[in-house]
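Structures follow.
Shared between the two complexes below is chain A, which has chain B as its partner in the first and chain C in the second.
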Partner chain A sequence: MQSVVFPNKILPYALVAPQIVLTVVFFFWPASQALYQSMMREDPFGLQSSFVGLANFSNILADENYLHALRVTVVFSLATALLSMGIALLLATAADTVVRGKGFYRTMMIIPYAVAPAVAGMLWLFMFNPAMGTFAYILRRNGIPWDPLLNGDQAMSLVVVAAAWKQISYNFLFFVAGLQAIPKSLLEAAAIDGARGARRFWTIVFPLLAPTTFFLLVINTVYAFFDTFGIIHSVTGGGPAKATETLVYKVYNDGFVNLNLGSSAAQSVVLMVIVIALTAFQFRFVERRVHYG
Partner chain B sequence: MIENRPVATLMAHLMLIFGIFIVAFPIYYTFIASTATSSAIIRPPISLLPGGHMTENYGESISGGVERVVGVSLERLLFNSFVVAIAIAVGKIIISFLSAFAIVFFRFPFRMGFFWMIFVTLMLPVEVRILPTYKVIVDLGLLNTYAGLTLPLMASATATFLFRQFFLTIPGEMVEAARIDNAGPFRFMKDILLPLSVTNIAALFVILFIYGWTQYLWPLLVTDRAEMNTIIIGLRRMVDFTDASTPWNYVMVTAILAIIPPVIVVVLMQRWFVKGLVETEK
Partner chain C sequence: MATIELKDVRKVYGGNIDAIKGVSLDIADGEMIVLVGPSGCGKSTLLRMVAGLEGISGGDVVINGKRVNDLEPAERDIAMVFQNYALYPHMTVKQNLAYGLKNRGTPKDEIERRITEAARALEIEAFLARKPRQLSGGQRQRVAMGRAIVRKPAAFLFDEPLSNLDAKLRVQMRVEIRRLQQSLATTSIYVTHDQMEAMTLADRLVVLNAGCIEQVGTPIELYEKPATTFVATFIGSPSMNLMTLGDGIGWTGPDGAGLPPDATIIGIRPEDIVIADGSLIGGFCTRVQVIAVELVGAESYVHGAAENGSIIVCRVPGRSIIGIGETLDLAAMPDRFHLFDRDGKRV
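Moving on, here comes the complex of A and B:
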């Protein structure tokens, strides 16, 4: 809290006005519309709508397709987060031990951050699509029936790899920062006591990294939930047979393609609840409990 | 360094080189493809060295090749992406700077109310309220305009929150000194606050430029006219595996051009970017 302030009475309102106007017009109004619409049902021509209470919610929660999308999202998020964080942690510990070339390695590692998720998806698709991808060609020549356009599991692995690839930069930077914050005296003491690299890592470094790891877990989950829409839309389009249809993709698909507004709005509201829960979890739980430093 | 173990250091270097390989290879693969002919691209395996058609592919893509496929020139796509990325970055920085300034350095009724209104938006990305936000844009007649592409993405709290945190660390004596010297709020903002915030602004600029450039869902929805597409949407519209006539060499050129500008921004402004990223989020 700043103790010294300016005495103006009108000016501060003018200063917050642009942001408040944008927030109200593009945030509060749409969010309230989503809430309102989630309790309405429109006829297919959009001519009439009637109040149906929570029926849309009970419908989507009983809908096998929705539950399927939920499962797909959970699998996709966990796989993406674990793959990306695992690789990033490995590379960050390596970067922490080297002295020469540190700057160069870091510069190279941050490049995927700048690549749009949709483009990242396409890069991997260029390499792995069965029609022209060189890697698809190599896999097939070695007797692996590779076709992510028909095989759901293969499609899923392709989008997971693309999503994780894009997120390596972010995780790498945070793990490097986390590793730098670990007091060297602790590691030296362990080294004097005869603990070698792997042991030092698991008994000192890894526990001290827990706050970073938990933070990244939440961030990566949010990323996999929302920012990967571009990857899924450009690589698989939710297919084959809905095998890669995540919750956000379904909101888009039901709202803009199938024009089922009530259901799409109810799904949006569920998503909002999920994000709020994740954010609250991050603020309350992660920030306070997992703190050893 | 704790121990001097040459083998471990060598292993670390090898691991990092392998990491770079993973990170760079997909981009390199696309770059090679962008220097090959379309018929070479669709006949795997492609060679791992650049083909000889680089100038030809890039030249043709720019001079009408892309335009024949998606109905909009490559320059226009790049220009749109630049406008969107810069408008989002600059717009967001300005409005958040002003609102954080008001919230920290003034006392007025509903101050905390405004703060919470802004803070809540931190939690909800545009993806969860796409349909109603889309409706707002339609009602305001902003479809296929730069305003429609950028304004909804400026309404978020990250930057305000960062500026607020930073402003709170500025010693009260500084404000007091400014007031004793008869400086008004604008003078204080221009001569003291702005110079102090330069690194924060630089860091935010990189993060928001990338954020704007990499948008996908929103531009996909609010632009149905080709000439308002961003390069990423344009690229998506070119990729069609079922159509035998897809000009893959132009697709690869477009993909490379969609990657290069944000990569240059991140690499050149790396110092601020890394600092900003790690500090804003934590």
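Moving on, here comes the complex of A and C:
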């Protein structure tokens, strides 16, 4: 780090003040509130709370429902990340071979990213709602007993598809950039070396995309963990029978619906630890490791 | 082992931009052909058309008697060495060498044997387990060569392989490429813009200019009998002095009149010009004022401005003590003249 000396003593502080204020008001204050709350227990009427130390934490870690939510989150996140990245990669490789209307094609691909999560959720809900969804109707007519309101696996696939769909644009952009960054001469060398089609993709292109892929894996996992509340809330509401209740959704459900503030706060503290760990992991590995000289 | 024939090969970009305007060339088995020319003359495009990386707009490329226009690069049995080496960064040196063989289904022990052989020839045995980023420029260049050699292709194609190396290493690798090519006796096409590289490597040189062949011949032929003024100035350093006859540059002596009637341009190489001491009997002589002296060690280049303003360069052995601003009489014998007509063709 380089130490810089400013001639004016006050101006630098004034310039960083807005950012500091924002961070304090929207991060440090609520985070400290969560930490404080996570060690308190409310009485049933919300009139007073008492200090219980780490009891909330030991409770949630021993709670079968919490562990279930953790499993659901892992399955949901991995499925979402892999599905959206897989499709995005497929589209990006296809976009690479498009000759005409490249700009138009790419612009169209990016639009879903501008759709709000709740709206994206509603979109998929309308299409696949067992009562009125067009696709639900088609599925049932073709002999598939489609009912995400009762079948947990179907509900899960529906939220995964909705969540993945929204993220495809973002992944697509990065994969397109990643593909363009591969030197053309490497592909030519591979062509002369007799590698074509799928073989060339898996032995040359895919390994060279590894930095992009790894970066996106972390980003998508974080997205699926923390940014999918709107989709789950609008599509399944965590149901049926908690089959799509992720950790974030459980925080909301326990805290704001069931008003178990202590437990909810403890859960959000655990989530905070996970975010910090993922971010540290990303900085450590994405920034340094997976790069080719 | 192969012959390569180019039959009126053409390349047209975007329907109207002629990059290659009909190139025909026969390359004998085991021959080292160097394509040389200024940037944008189409030499790389021509090479890439032989490799199959660039489509052919007209004419035929024939390798070993077989028309390969419509074959994939991999099916043409050629190996290419790229300017930026194009080594696969995620593979070790050994995997880089093995990749092309693996794709062709060569048996494992055969791959192993060929890699050992090539690694020994190129002295890269010590780096086989390393990744390309852990190698220096020269070592990467060797690996790139190795990747071409292990395949035992019908022909090597080199696309300015040395231009990313420093001057010293370039000379060293140049010698090595030549030695290797001769010992393997593999037909090769080598593209460069460096005329020094071209002169030293080539069995035959092909000088390209604006998509056309200017001249084909051995380096010495091109040096001694350039067919056009373009070749005359392109080959040789410092380049040949070209002067228009009757342009105010003086002739002394009786021999001046004996030139062919259609000769309008006279070319004289810097080493053929001497500083006249007054006793020169005939030929070319002009008075110049020295404007620059370049000392390059074993010899010096004296740049002089003639009375009509044209610059004449003359090579002087050793370190010249001629000072800037001095007046000199430069002279050359008629048997050293290169004469060209109005269109720059040799007379």
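Here, the second predicted complex is superposed on the first by the 286 of 293 C-alpha atoms of A that agree within 3 Å, B and C clash if a C-alpha of one lies under 4 Å from a C-alpha of the other, contacts with A are read in each partner's own complex, and residues count from 1 in each chain.
Operating definition for what follows: a residue touches a chain if its C-beta (ideal position, glycine included) is under 8 Å from a C-beta of that chain, and two chains touch if they have at least 3 such contacts.
All values reported here derive from a predicted model rather than from experimental measurement.
Participant: With the two complexes overlaid on their shared chain, look at chain A and say whether chain B and chain C clash or fit.
Facilitator: By the criteria stated at the top, chain C and chain B fit after superposition, with no clash.
Participant: A:Ile204 contacts which: chain B (first), chain C (second), both, neither?
Facilitator: Touch partner of A:Ile204: chain C, not chain B.
Participant: Look at A:Tyr13 in the shared chain and tell me whether it touches chain B only, chain C only, both, or neither; answer first, second, both or neither.
Facilitator: After superposing on A, A:Tyr13 lies in contact with chain B but is clear of chain C.
Participant: Could you tell me if A:Val257 is touching chain B, chain C, both of them or neither one (first, second, both, neither)?
Facilitator: Touch partners of A:Val257: none, neither chain B nor chain C.
Participant: Going by the touch definition up top, name the partner, chain B or chain C, that contacts more of chain A.
Facilitator: Larger number of chain A residues touched: B.
Participant: In the combined three-chain superposition, what is the angle centred on chain A between chain B and chain C, taking C-alpha centres, to the nearest 10 degrees?
Facilitator: Approximately 90 degrees at the chain A centre.
Participant: Could you say whether A:Leu54 touches chain B, chain C, both of them, or neither, answering first, second, both or neither?
Facilitator: In the superposed model, A:Leu54 contacts neither chain B nor chain C.
Participant: Applying the document's definition of touch, where does A:Ala241 land relative to chain B and chain C: first, second, both, or neither?
Facilitator: A:Ala241 sits against neither chain B nor chain C.
Participant: Answer with first, second, both or neither: which of chain B and chain C does A:Phe226 touch in the superposed model?
Facilitator: first
Participant: Classify the contacts of A:Leu186 with the two partner chains as first (chain B alone), second (chain C alone), both, or neither.
Facilitator: second
Participant: Which partner does A:Ile144 contact after superposing on A: first (chain B), second (chain C), both, neither?
Facilitator: Neither: A:Ile144 stays clear of chain B and chain C.
Participant: State the minimum pairwise Cα distance, in Å, between chain B and chain C in the overlaid complexes.
Facilitator: 6
Participant: Mind sorting out which residues of chain A both chain B and chain C touch, each in its own complex?
Facilitator: Common to the two interfaces on chain A: residues 188, 191.
Participant: Per the contact definition, I'd like the list of chain A residues that touch chain C in the complex.
Facilitator: Listed in rising order, the residues of chain A that touch chain C are 183, 185-186, 188-196, 199, 203-204, 207-208, 210, 292-293.
Participant: Would you pull the chain C residues touching chain A in the complex into a rising list?
Facilitator: 51-53, 72-74, 78-80, 82-84, 86-90, 99-100, 103-104, 131-134, 147, 151
Participant: Sort out for me which residues of chain B touch chain A in the complex.
Facilitator: Per the stated touch rule, the residues are 1-3, 5, 8-9, 11-13, 15-16, 19-20, 22-24, 26-27, 29-30, 33, 41-46, 94-96, 98-99, 101-108, 111, 114, 117-118, 121-125, 127-136, 151-152, 154-155, 160, 167-168, 170, 172-173, 175-176, 179, 184-185, 188, 210, 213-217, 220-221, 232, 235-236, 239, 241, 248, 252, 255, 258-259, 262-263, 265-267, 270, 273-274, 277-278, 281-282.
Participant: Spell out the part of chain A that touches chain B in their complex, as residue ranges.
Facilitator: Residue list for chain A touching chain B: 1-6, 8-9, 11-13, 15-16, 18-20, 22-31, 33-34, 37, 87, 90-91, 93-95, 97-99, 101, 105-120, 122-127, 129, 131-134, 136-138, 149, 165, 168-170, 173-174, 177, 184, 187-188, 191, 197, 215, 219, 226-227, 229-230, 233-234, 248, 251-252, 255-256, 261, 264-265, 268, 271-272, 275-276, 279.
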